[in-house]
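Lettered A, B, C and D in written order, each chain numbered from 1.
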Amino acid sequence: MSFLADLLSTVFERRYRGAAGPDPAGRTIQELSTDLLGASGEVSGMALARHILDRYAGKEDDEKLAFFQFMTTDLGIDADAVRSALDAFQSAPDKASYRAFLAASEPRRQELARRLNQVPGATGKLVGMRKDLLRLADKAPELHMVDLDFRHLFASWFNRGFLVLRPISWESPADILDKIIAYEAVHAFDSWDDLRRRLQPEDRRCFAFFHPAMPSEPLIFVQVALTRGVPGSVQTLLADDRDVLPAGQADTAVFYSISNCQDGLAGVSFGNSLIKQVAADLSRQLPGLGTFVTLSPIPGLNGWLRTQAKDLPMDTAEHRRSTAAHYLLRAKRPDGKPCDPVTRFHLGNGALVHAVHADADLSDKGLAQSGGVMVNYLYDLSLISQNHERYASAQDVVATPEVTALAQLAQAQDT
Amino acid sequence: MSFLADLLSTVFERRYRGAAGPDPAGRTIQELSTDLLGASGEVSGMALARHILDRYAGKEDDEKLAFFQFMTTDLGIDADAVRSALDAFQSAPDKASYRAFLAASEPRRQELARRLNQVPGATGKLVGMRKDLLRLADKAPELHMVDLDFRHLFASWFNRGFLVLRPISWESPADILDKIIAYEAVHAFDSWDDLRRRLQPEDRRCFAFFHPAMPSEPLIFVQVALTRGVPGSVQTLLADDRDVLPAGQADTAVFYSISNCQDGLAGVSFGNSLIKQVAADLSRQLPGLGTFVTLSPIPGLNGWLRTQAKDLPMDTAEHRRSTAAHYLLRAKRPDGKPCDPVTRFHLGNGALVHAVHADADLSDKGLAQSGGVMVNYLYDLSLISQNHERYASAQDVVATPEVTALAQLAQAQDT
Amino acid sequence: MSFLADLLSTVFERRYRGAAGPDPAGRTIQELSTDLLGASGEVSGMALARHILDRYAGKEDDEKLAFFQFMTTDLGIDADAVRSALDAFQSAPDKASYRAFLAASEPRRQELARRLNQVPGATGKLVGMRKDLLRLADKAPELHMVDLDFRHLFASWFNRGFLVLRPISWESPADILDKIIAYEAVHAFDSWDDLRRRLQPEDRRCFAFFHPAMPSEPLIFVQVALTRGVPGSVQTLLADDRDVLPAGQADTAVFYSISNCQDGLAGVSFGNSLIKQVAADLSRQLPGLGTFVTLSPIPGLNGWLRTQAKDLPMDTAEHRRSTAAHYLLRAKRPDGKPCDPVTRFHLGNGALVHAVHADADLSDKGLAQSGGVMVNYLYDLSLISQNHERYASAQDVVATPEVTALAQLAQAQDT
Amino acid sequence: MSFLADLLSTVFERRYRGAAGPDPAGRTIQELSTDLLGASGEVSGMALARHILDRYAGKEDDEKLAFFQFMTTDLGIDADAVRSALDAFQSAPDKASYRAFLAASEPRRQELARRLNQVPGATGKLVGMRKDLLRLADKAPELHMVDLDFRHLFASWFNRGFLVLRPISWESPADILDKIIAYEAVHAFDSWDDLRRRLQPEDRRCFAFFHPAMPSEPLIFVQVALTRGVPGSVQTLLADDRDVLPAGQADTAVFYSISNCQDGLAGVSFGNSLIKQVAADLSRQLPGLGTFVTLSPIPGLNGWLRTQAKDLPMDTAEHRRSTAAHYLLRAKRPDGKPCDPVTRFHLGNGALVHAVHADADLSDKGLAQSGGVMVNYLYDLSLISQNHERYASAQDVVATPEVTALAQLAQAQDT
């Protein structure tokens, strides 16, 4: 058999296959879980894990809730056991006492998740399980404790070093493109033709992170337009009748849409490295690229204005721009961070506020959230560390002099 | 770009690339580690991690030891902090108090390892780091505590669900075959021709587990001979001039060599599922296969006899066989488990002792460790759970009546 | 670099890249062709070939016609030269005289096509060139001579042994699926969702032949439905709300659509082996399959009836069925072969007429061509040779007794 | 099923599988061939072709000879039929008369080869058949006529546009590397370690042409050393203890070995484009490369000197160099081309004689054929066309002034 056959079997192995039939012993999902954690779990773990995953898949919300509550109460830590292990370790720290402490301080539900994950293809099922958990935790806040354990495990499993960046193109498998259409969160796709228009031209690129255990599920993806100069409107950028720019002539890469795909991976961050790695890869392929910039929505602008009992001034474009600039640079949460979530994301990555544009997104959504105003965040690779430092230490929203001046104008107008 | 290009970039990403140059700030590896764990680690983590890995790679043993001791003392848990987090959690268990407890009870060196692992290709470096750690811990037993943390992380990262089983054949990449030659632990390869003889014929198979983050490093591999009937000697099995059996005519698959490849993954077990999965895969491909059996060494026989102030009786083959059977079934450690490590491995997997053969391995190594006696462990898929249960609960070494009779004969002879 | 990199470069090589700029010497396409056939063609052939292909791509029909006429008149055979080479060969047949004969009897335009084909990616361009040629030959029949040379070369290049059969699925690259939509000739796809419905369910399959030099261009594809029993209507077969049959429960594979994709490969036949190979592959994968059958249109029925000054009798379903059966079995061309082209195709492959169904295709097209009547051709692998023999030697249209009886009924009704 | 599965099936299809059993009719290979060419060949062609290929594989030389003689006498052209078809065509050239002429003028053995090639994996078998044919034609010169037909077909099938260039590395499949070892014709490999030394370092490259229908059989390969400056000795170039040059620092690519792999493809030339394409690919990857040069043997030097009743002067290195330069530039065959076959190959590609080195190959073979003298041929991409033109039109051996001066010195010394 050939190396290609190897790869094939790799892909096949990734498919989840359920148990051959129902559990002959008729155990509940809780009993199956206890058995999986027990001694017999070592040898018959695969079969037990498949029964649990199959059983879970067929459950209604109330049963899922009961299962998560079982995890909360029965598979948590035993505080007294932790305390005595800790005492023993502190009085005589050695391998044995440390091992006992590690065992006691980790809740058994983490081990349950690891044992479920033995089954090929189970990782995606567990991500789906956490999606349910987050939804159900709205009404049962104690489930958030279970969620912290899932998140802890996922942060380890979905560590950046395990992810692979893949270009998404019109030659990618249709089942993956189907998911790109479904998950696009910023500028929705109308149709497959619309998708083709954003993938096929040589001035358009798309990249996604994948995890090897979920090979047909993108985790996060970014869409990129190659342009000459920094664009000021999404209508122009995505116009159906625009002239395609030969990729070699582009000087700017515009990250105009970033979408997370997996609700079950909420809070496990990898968007940060996505932009930076795509920027690095693109500049290697296309040495003419000098500027890496976003064209971003300002989702919180109108909401914030309402909390200030104001409206976005619709008299002049400049007035809208200065109001938006003020919001971006000055509107802060109690913890001192910017109100706008997109601002927090890009500033946290070391970007700076580069320019603010009126009439830049005239879609219903764009008008509703920010009166059509958009913003460019600039990724200047030589300034990223320094910007991040200023943001992290002093919550400084670094901006160009032009945007800073706009923000000051707003304050002046306001008084 | 095509889907193949995606795969390619996947493979390229897996290659570790070091930092572009030395750390401009001239920090020590300890300082770099502290910075990586600090706030700035979020944005400049990749660069810091590369500096640490590069620096580590260039160190001598005494410096490595110092680095591990830094991990032991500076990056462990703070028992008082754990205790107060635990108290707070116990008095008011909620998301916040649980999060605080999780944070306090996990030593910071685990987070250090996860952050180092952000760098593509770093996983193999960390496995290598643990290999050093285990070696150095011989003289500095406190390092075993650090090792428990590595092992904990690796058990999560190298979870069965993340591994891929790949056939190894004469069409596999030479760099991988090179490692198969290097790692073969049971019956060493003389040469590439010898390797070819054990891979190319249709009655020979080889399978290995790989982790996607270390795609050219096998983790463990098993060599299989397809035969008619259960073989009783490795000389016959591996004879250069044997007739090749058409695969479709085989009724038995013989697992005649299992080799772990990564010292840095010691104690992270996946051999268990390897044999069972290979058996399942082979029986799907070759429906004629009905028997899955090993031809295994008895590495502890002569050593154990010496502890009993005895020698292996060389008078008759039967005498040697019965002595070996007695050893396999009756010689137990203080914890009640069999003395022989290979017996522990296969019985723990649910196999049973099927037959004992004299003059079965006449190599120097085979004669030295067991006077040439070998054993077949049988994997009867319908009995695996039950065997395992008996072994796990009562440390019963399940054996065929024939082997049990042999063991009784030895006892009779002895008295 | 890895084996995957090799594959990648393979795919990249297949892309046609034009010449770096226009021909510096400003030659016409005819002059370039003459130079490519001349001595300097050996070393600068690639560049010349690229100039010719680029130049051709930019031409209007009248210029293309001129180019083909140049091929007809200037690059044909020289009958006198052939005759004297033939005389020399006949009087002294040896290597030299035979070589001279071969050289003289092959028109130089064949060598021109081979030299153009040196350029990676040129094969698809040449197939496109023949598509133009066939179109233009309608008005310039002398071009058919050039076409015979193209067809001769393509029959050699697209030899069955060079083609690869690939499954087409919802996981195939979107650019290939796009072509499947475009080329489907029998039951058109409404949309990508329609495509998904015919690819994704486990009781649907699709297979295409590809040539390695045109890796993203299917040559011909067949769509297959897995069913229990032989279906009698395309509405039922393709109903949106049908229950999906687990593939393992199917006993019948229905070839319900076969589409040729490349006009430029007209007359180069590979459909024959497509069905037989798909049948063989499917029966290996799904041992439960016992029947391989088509559900085929009868495109010539109504046209033939008109030539007989008749209409399809719409009174009863049976009347329509018997009329169609009569047409299929008895309506013959002057050369003795069946009038219906689909009948000729399947009978020529060794199939037999299995059953005739009224109201089986109620689409506009189905009603227009055959009043909704369809036919199953059965591929009974054990009878294929024998059926073919009867058809080839005696133009017998082999049919089941039931269909034969239906045809007789029609004759009876007619009189 | 996935795209990778497609590729897999591609590879599997390429494997030749013989007929299921012997021909039930017990026909001779000649009868089988006649049937394959006849009507029934259309539908049962695959089975017939497999029987013929299987039967051929089992034959001794005398039987093979008989089969080739059958091809010569029974499957050649019928001169009278050709003549009458030619007459008909000449008097009324149209599609029908041209088709008849084409049919008559092509010997039926060409069609036989095409029909044998329908079977997946047959292409390699046919290449092997021609290898036999060439060997047997030594004693039966009439077989050369059959050979011309094979060569004609192979030139079409192995057209440059169908070949793929693949890098060969230490990560290539072992079965392919095994063939590289076997086929290396210039500097033999001692062992797999020797192979690794010539593949793994970053200043070593290897590239081969493959045909998709023979995916594990290299057709021709070239080995490349990356150096600083043009090397003057193979000992230095291949020294085990040399320092590896970082690839990015190289300014010169040295083609130090080119080996044809398939005797059955003799006379079907692709070496020409190999060097030029490798040069183009390398200069894209490594922009620092400016010089593309060979380090070539002079296989004909000592043989030619013997025909001149001379010996290579061993007094001084310069004397040897000037004698070699004289030979390279002045020693011509009756047809005016250089005596040395390697010179003919590279000059025909448009290279020029760059430098001549004494003591450059001190192996037994190097000393025997040219007293250790070697030569660099330079591929100056800007001069290739011009050099080729001079060589093709005037048989000029283009050389640097230094080599020309050396050659003149020899003439002076000689008189």
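As a convention for this text, a contact is a pair of C-beta atoms (placed from the backbone, for glycine too) under 8 Å apart; a residue touches a chain by one contact, two chains touch by 3 or more.
Keep in mind that what you see is a predicted model, and the values were worked out from it rather than measured.
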| item | value |
| --- | --- |
| Fewest touching-chain hops separating chain A from chain C | 1 |
| Farthest chain (mean CA position) relative to chain A | D |
| Rounded Å distance, chain B centre to chain D centre (Cα mean) | 47 |
| Computed distance of Cα centres, chain D from chain C, in Å | 35 |
| Between chain C and chain B, distance of the C-alpha-averaged centres to the nearest whole Å | 54 |
| Where chain C touches two or more other chains, by residue | 2-3, 5, 7, 171-173 |
| Chain B residues within the chain D interface of the complex | 3, 170-175, 177-178, 191-192, 196, 216 |
| Chain B partner contacts - residues on chain A that touch it in the complex | 1-3, 5-7, 9-10, 13, 39-40, 42-44, 46, 77, 79, 82-83, 86, 89-90, 93-95, 98-99, 101-102, 105, 114, 117-123, 141-142, 144-145, 148-149, 152-153, 155-157, 159-162, 164-167, 169, 171-173, 212-213, 272-273, 281, 348-350, 384-385, 388-389, 392-393 |
